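Chains here go by letter, A, B, C and D, matching the order in which they are written, and residues are numbered from 1 within each.
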Amino acid sequence: MQKITILIHCEDQKSIIASVTNYIASIDGNIIYLDQHVDADENVFFMRLECELRTDQWNLESIKAHFKMNLATKFNMAWEMYTLDQKPKMALFVSKYDHCLYDILGRYSAGELPLEIPVIISNHEDLESVAARFSIPFHYVPFTKDIKEIGEKAQLQLLEHYQIDFIVLARYMQIITPNLIATYKNNIINIHHSFLPAFPGAKPYHSAFKRGVKIIGATSHYVTEGLDEGPIIEQDIARVSHSHSIEDFIMKGRDLERMVLARAIKLHAERKTMVYNNKTVVFS
Amino acid sequence: MQKITILIHCEDQKSIIASVTNYIASIDGNIIYLDQHVDADENVFFMRLECELRTDQWNLESIKAHFKMNLATKFNMAWEMYTLDQKPKMALFVSKYDHCLYDILGRYSAGELPLEIPVIISNHEDLESVAARFSIPFHYVPFTKDIKEIGEKAQLQLLEHYQIDFIVLARYMQIITPNLIATYKNNIINIHHSFLPAFPGAKPYHSAFKRGVKIIGATSHYVTEGLDEGPIIEQDIARVSHSHSIEDFIMKGRDLERMVLARAIKLHAERKTMVYNNKTVVFS
Amino acid sequence: MQKITILIHCEDQKSIIASVTNYIASIDGNIIYLDQHVDADENVFFMRLECELRTDQWNLESIKAHFKMNLATKFNMAWEMYTLDQKPKMALFVSKYDHCLYDILGRYSAGELPLEIPVIISNHEDLESVAARFSIPFHYVPFTKDIKEIGEKAQLQLLEHYQIDFIVLARYMQIITPNLIATYKNNIINIHHSFLPAFPGAKPYHSAFKRGVKIIGATSHYVTEGLDEGPIIEQDIARVSHSHSIEDFIMKGRDLERMVLARAIKLHAERKTMVYNNKTVVFS
Amino acid sequence: MQKITILIHCEDQKSIIASVTNYIASIDGNIIYLDQHVDADENVFFMRLECELRTDQWNLESIKAHFKMNLATKFNMAWEMYTLDQKPKMALFVSKYDHCLYDILGRYSAGELPLEIPVIISNHEDLESVAARFSIPFHYVPFTKDIKEIGEKAQLQLLEHYQIDFIVLARYMQIITPNLIATYKNNIINIHHSFLPAFPGAKPYHSAFKRGVKIIGATSHYVTEGLDEGPIIEQDIARVSHSHSIEDFIMKGRDLERMVLARAIKLHAERKTMVYNNKTVVFS
């Protein structure tokens, strides 16, 4: 018995839920999870569905073809379909900060993340020893403004070589090129160390301290060309007070960054996120 | 165009979602909200559905009869159906504490609660002036162990007179009789001032203080015969520290009690809660 | 036996804590609360102290004079001293939104706020009936750009007449004049319905919805001439998701506004806040 | 210039704060942090103080002797004094769960914890490879009811050999012997996977699921002879709903366990906790 996950979005239309659920019944499928959302302003329908197929007659390719022909085309759907055994391949981009890297690799080693990490790419050599501890290939790819074409090319070659599905910037401190963003559209996740849209850009903890906020935050989002302006996946916050220094903000922030990035990675890897209109639908 | 809300639970069965959504399509209904849940252990299916009926051919009675005949009976469903203009009637039971009462009446007056409050019933006369401020009928019904038959009878008469749909115990400090619980099964909401199941019964803040907890809580639940053991609707918490006295716990707790009770009332009045197996399904 | 609260800030200096605590010992005082903070960047010392005076020889005026002569002048302190029975007088400014008003008046009536509310001032007549329910004088003071001198004058006269110590803008929708801000420096509290500094200005829930945030917030702050830029007293947040509409944001936000404003009022009335460098020190 | 941390508790007495702060001034110390608490019910005074000594005339031993003679004895204080360069030595006890272990070792390697981890002790061999990744000595010490004397002896020998200051049970699944508890009184930290005192003992997530709670929690506490009854250091919670299975509770709980244990370890290692009357004072 096979389990598949289907993500759909399309124009909202009459009887669309009935049509999808009828289709699943028609292939002898048992729905074990269904969530849907209608963006009333934009008139867009979103659905996430998990079902078990009671027969073994299908493989992923044949069920995809059948779904397309018998349902997707009719409703002009944008859609994706996955089997549970397809673990996405994630590349980690890092620079010098190691706390998110340790957290992700710890969770990965503890079996909490439904994904594979074939490669870590960095613009510095500092964290090679961390990668070695977890026996994950580490590639040093220098990247500065002056050599961004060379850097981008090396990145893309590695990503292709390791058949990477999505990229996580675990406190990677360099710009991602427009070409790379386009190649991995809605598949690059960044962690920003503020409660966006407050304090985008550099040194957000310093700005938060200066403003005298009583709560700090972290935000994970898909990377778009606008700096820190991509669709938000997850956010969380922590209380601070006058008694906390900037160093305290940074230390408390590390915990937020870890948690918020780990949750975003998990949601993405479990195919629970959809992007539309620079916002996310997160079926969690 | 009419809006209806349907709540369903029944044994989980093949094609049940398709059957319901087909039914809605068959009566020319447009689903604007659908959420469902399967309790895999108990094999029970739950659904909440809101839809707009495009025609005016139905009134509530006729659509109910049609739904029963064409869908509910076939799947042996327990079900309820409401139109949006049916505001439930809520009775407030109070004793001497006024903070939850002020909060509920303030929200009610500010138009935040989709319900009517035809009556406040109390075993003390203290809060009559609060009821008067908000122009709500107040009935003093003495209640002690010795006169519980008389008290219960008076309560039931008032509830019948005001055609009450559900009861909220806003820090009401007396036992509810089994007969009243049975009459209003899953329709009496209590607020308990602890994070249940920790600290049931009397003086939970004192017990929490003694145990040295770092977080206190409040719990709203449906009333059953077991004291503080009914299905939990909503909970929330607040941080405390060694620097807080019992009085501080009580003061912080008042805010929790207000919020948690207000949320439970709203969820219930919006028909977003279902009870099964001493637990709630809350479609929020 | 008398209880006094002392707030101090001054340049950080050697032995300052010892000097203050020695002083309290010298007047036979028993310290029951002491909290202090040093802003290392600015080299400023802050202290809040509560003590019981074991003798009845002092009244507030004489102890103030003694404190000034024997301690405050030597360290060049900015300081305030209060007795517990001095309840500050608070004016409420409102427009048309009633949820914060109901909440504050409910808490006030329930005895939770250590202050007096002698007057409610509004630029609309809508909420007069709410004031009447709680038997609080209500004054309608029209205020628009065109008549701001007249409006300001009427406001100042009322504030003087009622001997107001501080002002709370409970969703008051008009600009406060620079003159009024100067007169009540660090004594006007506003509630802004966003997680500042994100979304200052008008319609923050709409902006938050458009940005696709996963958390919304509210911020209470002292009013300064820069719009929504004053020292932050308290903030809180609530989770939202793609399934929430702007109306849901607004409804959830009302709870945040109520809570965050009520906490700020309480902190201010209990003399637990100090302002320095556009930030607050909150000894809670 | 040397930084020292002093922890004091004693009977509450007149002028005690003045006496301590005068003492610090007398040795030419500059107080950079002071927090104090009075347990009014028990009449106990607690203080935590950090100061910089402007001269180099003291070493830890001489300042301790001087403090004892000139202050501590007079007030009959229980007290501790530390220099910042004294990192406490922590032993990790583990069984088969690896998520807390990865988290602690990740934080340790990232330089977030002011302590040393000379040894990991386990009653199973499973996690030896994790210890190896982080190059920390791992000792397999079998422990069951039948061989508890042998096990305890081996544990104590290792703890002595590695000069261990405190022990952290990172989901260690065996009883700690009374002898070990006595030897490391208030120096053994456990993480329990529920919001104590709700659901002590085995399988708390299963019990929480059965009860239908809307919030789950985790609790770190010092180990005493009563199972899960020791002084609570830190707690935190996460929201759950009807849609979460027991497996979801467990997965969400892992994050709570990690965070709550990491915070407790940090507080303890920074000497910010004091124990009295089965409760903690946490100066954070």
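Here is the rule we go by: contacts are C-beta pairs under 8 Å (C-beta built on N, C-alpha and C of every residue); 3 or more make two chains touch, one makes a residue touch a chain.
What you see is a predicted model; the values in this text were computed from it and never measured.
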What is the minimum number of touch steps required to go from subunit B to subunit D?
1
Taking each chain's centre as the mean of its Cα atoms, which chain lies farthest from subunit B?
D
Between subunit C and subunit D, what distance separates the C-alpha centroids? Give it in angstrom.
38
Separation of the C-alpha centres, subunit A versus subunit C, in whole Å, is 42
Touching at least 2 other chains, the residues of subunit B are none
Across the complex, what residues on subunit B touch subunit D?
37, 39-40, 46, 195-199, 211-215, 217, 231-237, 241-243, 245, 278-282
Help me check something: in the complex, which residues belonging to subunit B touch subunit C?
98-99, 102-103, 105-107, 109-110, 112, 130, 133-134, 251, 254-255, 259, 262
How about subunit B: which of its residues touch subunit A in the complex?
14-15, 17-18, 21-22, 24-25, 30-32, 34-36, 38
